[in-house]
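Quick one: structure below, then a few questions.
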Amino acid sequence: MTGSTPRGDVSDWWRTAIIEMEPGVIKFRGRPIEELIGTVSFPQMIWLMLRGDLPSQGQAHLLEAALVAAVDHGPQAPSIAAARMAVTCGVGINNAMASGVNMLGDVHGGAGEQAVVLYRDIAARQEAGASFEKAVQQGLDAHHDRRGKYVPGFGHRYHKPVDPRAPRLLVLVDEAAREGEVTGAYAAIGRAIQAELKTRKGTALAMNIDGATAVIFAELGFEPPLARGIFCLARSVGILAHAWEQMNQGGRNKGPTPPEYRWTYEGPE
Amino acid sequence: MTGSTPRGDVSDWWRTAIIEMEPGVIKFRGRPIEELIGTVSFPQMIWLMLRGDLPSQGQAHLLEAALVAAVDHGPQAPSIAAARMAVTCGVGINNAMASGVNMLGDVHGGAGEQAVVLYRDIAARQEAGASFEKAVQQGLDAHHDRRGKYVPGFGHRYHKPVDPRAPRLLVLVDEAAREGEVTGAYAAIGRAIQAELKTRKGTALAMNIDGATAVIFAELGFEPPLARGIFCLARSVGILAHAWEQMNQGGRNKGPTPPEYRWTYEGPE
Amino acid sequence: MTGSTPRGDVSDWWRTAIIEMEPGVIKFRGRPIEELIGTVSFPQMIWLMLRGDLPSQGQAHLLEAALVAAVDHGPQAPSIAAARMAVTCGVGINNAMASGVNMLGDVHGGAGEQAVVLYRDIAARQEAGASFEKAVQQGLDAHHDRRGKYVPGFGHRYHKPVDPRAPRLLVLVDEAAREGEVTGAYAAIGRAIQAELKTRKGTALAMNIDGATAVIFAELGFEPPLARGIFCLARSVGILAHAWEQMNQGGRNKGPTPPEYRWTYEGPE
Amino acid sequence: MTGSTPRGDVSDWWRTAIIEMEPGVIKFRGRPIEELIGTVSFPQMIWLMLRGDLPSQGQAHLLEAALVAAVDHGPQAPSIAAARMAVTCGVGINNAMASGVNMLGDVHGGAGEQAVVLYRDIAARQEAGASFEKAVQQGLDAHHDRRGKYVPGFGHRYHKPVDPRAPRLLVLVDEAAREGEVTGAYAAIGRAIQAELKTRKGTALAMNIDGATAVIFAELGFEPPLARGIFCLARSVGILAHAWEQMNQGGRNKGPTPPEYRWTYEGPE
C-alpha cells in the first residue's frame, strides 16, 4: 500500500502534495529524488519543498543570501543559549537543537514574519490607490494599532548605527532587481519605512536583518509564516554549531550565569 | 562591552570560537558577515560554522547532496507527523518545527551517526594493520556487541530492494574521488559492509540513505555527532514544508488516525 | 554568593519572589523546604508556588479535583500521541514528555484559559451593572467577535451528550460553595452559558472538562494563563504514563498509522 | 467506534491498558473518572496512571513528599532558566514549559534514575548472597565502571554540607518503615553508600535530593525511568511558576546574562 494508492479513509487522513512514495521510489513535488540529488542546490530544494516549483538562479541566490545572513547572533541569543545549556544537561544533539528552535517565538523569531505583513499591507494600500507616501504612513499607523510600538525589522539594540547584514542584503536585492529577477518594490517600501521612521522619531532607526530578509522574502513571494520558518532553518545552523562547540567544551548543568552569581530574591522574608 | 572585550568572569562563562561581535560588526570564524552574504553558498556556510574553515567546491557539492537527499520521508515519519499534528494544536510554526526535530533521537535520527562510527572503526582497524576483509568483519562484530542486531545504514523496511537515494549519492562520491576531492575509502567500506551483510544473511541488505550520507560525512571528515546534527538541518526542511502545508489544510487537534479509529484497550475491565 | 545577597547587576538580571537559597537553605515563598515536605500536599505546593500563599483545605481540594480530572484523554490526543511516538524514536523520557507538552497550544490546551477569560468578562459586565442575562449574552457575543465561532469549554466532539468529568466537577464546586470555600458565582456563569447556548443553537452543547475546570480556576482566582499551565501539569501525568507504557511495549520509529496505511498524495504526477 | 471496540489493525496500532473510552465514558485503569475526581489525591492518581493500582495512604504520602521536594531549584537551573527565557521570546506558556522539561536529560534530571539503578544493584547483590558491606562496595565499584566518577544522589556543589531536603525525606521514609508501609531496605542502602563514600574520600559526600527521592522511589517499587519521569512532573511545577513570574515581569528576548556582559571570543582574528 503506497502513498499514491490510498487505502480508504485511513490513508486519506494525512494528505500531501509534497511527497509521493512507492517502494524504491521517492518523488518530491513530482520529481524523483535521484534527479534532484547533486543537481539542485540546497536553497533550491528548500524552495521546491515550500513552493512546489524550482526557483530561477537569481531567486535562489537571494534566498541563499537570506539563509546565510541569519545563522547566528551569538551565545546571548536565547535560541543559542538554550541549545548550549541543553547540551550540558545530557540530552541528544537533536533535543538541544529543538530546545533552541522552540525559542524562536513571536518576539525572538517573528520580526521577519511581521515585517513581511507590514510590507505587504503597504503594497496593498498602493494597489488600492494610495500614494506611496500615504501607503507607508498609513501602513505604519495600522501596524502600531495592531501590534504596538515596535516596528519589526527596524532598529537594533546592539548594532548601532547599522546592522552590517542589512545593507549587504539590500545590495543583492538591488542587483536582482536590475537583472529583472525581482521587482524591487519591497526594497523601496523597506527604505521608505526607514526614512519615515527617521522623520517620526528624529533619529535613525536603521533596517536590521529581519527587515532586510523580509524584503527578500516579500520580493520572492513567500507567505509571511514562511519568513519565520526559513529563519528557523537558518538559525538552526548556528544552534547546531554552538551545541557542538559546547559539547566539545564539556560542562555539566551549565546555568545562565557563573554559579557564584545567583539571582535577586525579592519575595517575603 | 563586546564579545572580544570580556568583562571579568561573567563574560568568560560563555566562550566561543564561532562568532565575534561589536556594534556594527559580526564575524563568523574571523570573517565579516558582509563578506560571506552573497558570496558563500548555504552549505559552505554550514561547513564554516561547524568546522571553522571553508570547504572546496567539491566538498561543498557532496555536503549539499547529503542535505538535499534527507529533507523528508513523508507524513508517516514521526518527525513529520509530530510537526503536522502540532500545527493543528495551535502553536507557533517554530514550536511545530521543534516538535519534529525533538523526535530525531537515536532510533529516528541516529543511524547516520552510528554508521559513521562503524565506518571509522573499520578504517581504524585497517590502519592498525588488519586486512580490509578482517577489518570489515571485526568492525561489524564489534558493532553487534556494542549496539545489538541492527546495522545502521543498511536495509530499509519500505524501500525494497533499493533506497533510491543511496546509489545516486554513491555516484557523487565516486565522482568526487576521481577528482581527488575525497579518498573514496569510506565508499569502499560502505560497499564492503553491504557485501558482507549479504554473505552473512544470504539476502541483500542494501545501503540506505543513512548509510550513504554517512559515507559522505566520513569522507568529508565530519565527527559522528555532526552526522546527526546535519541530518536535523536537512530534515527541518521537510518538517517546515509539511507544517506549512498542514497550516493551509486547517484541522484542529488532529490525532494520529481518523477519530473513528481509536485504540485497543487491553487493561482491566 | 547567594540569592539573597545579589552581586551587582549580574545577579539582578534574574529576579524572583519564588525561591531563596543559601548553602543548606532552600525557602519557597519564604517557607523552608523542610517544613513543607511531608506537611503540605502536592496541590497545596502547586498553589504556593504559583500564588505565594497556601490555600485552605477546601480550595486545595478543588484544585486537586481539576488536576485529577485532566490527566489524560487517550492515544488519539496529539499530546499523548507525540509522547508515545517520541519514545519509539530513541529520545529520553523527559524529551518525550516535552514533545507532548509542546502540543498543548491554543487549540489543544487553551480552551480552559479562554473559558476563564470568557467567564471573567461576563462577571465584569455584571459588576459594571448589566443584568445576569445581559452579561451572559453580551459576554458570549463579545467572545465570538474576538475569537470566532467556538465557545471554549462547551460541547465535545466525542463525549455526547455529556463529558462525564464536567458534572462531577460541578458537584464539587457546589459543595465548596455551600461550605463557603468559593462563591459559586462562576459555576452559575458556566451553567448560564450552557443554557444560553442551548437556546441559541436549539441543541445542547454541554459543558466539557475545559469549561468545568475553568469554573474551578475562576472560582479559585487563578489568572487565565495559569488555567493552561495547570492543565499542562495535569496532562503531563498522562503523557508520562503513556510514554512509559510505550517504552515497555517497544517499537521503533512508530508513525501515526500502521506502515501499510500511508497517505493520500495529491500533488503533481 | 470506541477504544474498547477496535476496528481492525488500525485501531490495534495504538494499544493501552491505561484508558478506555466510549462516548460519555472515561475509565482509567478500569475505574470511571467520575469515581476518581474528588476521591483520590493527585499523587494517588499519578500512581494509578503509572502503576495500575492505587497506593496505600502511606505510600501516597511518601510519593507526595518526593513530588513536593523537587519542584524547583532556582533560576540558575537550566530547566528553570530555559522556561524564563522562552517566555520572553513570545511563545505559549506550554512551549515554555516544554523547553524547561526538555532540559531534564541524563545530567540535569537523571541522577534519581541512576541512583535507583545503583540501589537496586546493591540490593540484588545482597539477595544473591553478598554481605551488606560487600554489596555496597561492589555496587559502587560496578557503578564507577559503568558510568564514571560521579555517584548519583550524593554530594552537592552548592548545598554544603547538607542538602536540606534529603534528611527530611529520610525521616519520612523511616516513619513509613516503622508503620510497615515500606521495608526501609533502600534507606539503609542509601545511608551505607553515604558512609562508604566518606570512608573512600575522607570527606563527607552527603545524600542529596536525588539520592533521597531515589530511596523513596526504590522503596515504593518504581522502575528507574519513572524516577526521572516523576521528577519531571515535580519540576514542571517550578518551571510553570517561574515562567508565570517572568511573564508578569515582562522583558523581551532575555538572554542568559545582562546584555553588556557578552562572551569571550576565542577564535581566529
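Order of writing sets the chain letters: A, B, C and D. Residues in each chain are counted from 1.
Note that a residue touches a chain if its C-beta (ideal position, glycine included) is under 8 Å from a C-beta of that chain, and two chains touch if they have at least 3 such contacts.
Note that the coordinates shown come from a computational prediction; the quantities given were computed from them, not determined experimentally.
Can you give the shortest number of steps from subunit B to subunit C, where adjacent chains in the path must touch?
When the steps are counted carefully, the minimum from subunit B to subunit C is 1.
Give the label of the chain whose average Cα location is farthest from that of subunit A.
Greatest centre separation from subunit A goes to chain D.
Roughly how many whole angstrom separate the Cα centroids of subunit A and subunit B?
Those two chain centres are 22 Å apart.
For subunit A and subunit D, what's the span in angstrom between their mean Cα positions?
That pair's centroid distance is 37 Å.
Per the centroid of Cα atoms for each chain, what is the distance between subunit B and subunit D, given in Å?
32
If you look at subunit A, which of its residues touch at least two other chains?
3, 10, 13-19, 21, 74-76, 81, 91-92, 94-95, 98-99, 102-106, 109-110, 158, 256-257, 261-263
Examine which chains touch each other and state the graph shape they make (line, ring, star, complete, other).
Drawn as a graph, the chains make a fully connected set, so complete.
Quick one: which bits of subunit B touch subunit D in the complex? Just the residue numbers, please.
So the residues of subunit B touching subunit D come out as 1-4, 6-7, 10-21, 29-30, 52, 91-92, 94-95, 102, 256-257, 260-269.
What part of subunit D is in contact with subunit C in the complex they form?
Residues in contact with subunit C: 3, 9-10, 13-19, 21, 23-26, 28, 32-34, 36-38, 40-43, 45-46, 49-50, 61, 64-65, 67-69, 71-76, 81, 84, 92-95, 97-99, 101-106, 109-110, 158-165, 167-169, 171-172, 223, 225-226, 228-230, 232-233, 236-238, 240-245, 247, 249, 257-258, 261.
In the complex of these two chains, what residues of subunit B are touching subunit C?
Subunit B residues touching subunit C: 10, 74-79, 81-82, 85-86, 88-91, 95, 98-99, 102-110, 157-158, 252-257, 259, 262-263.
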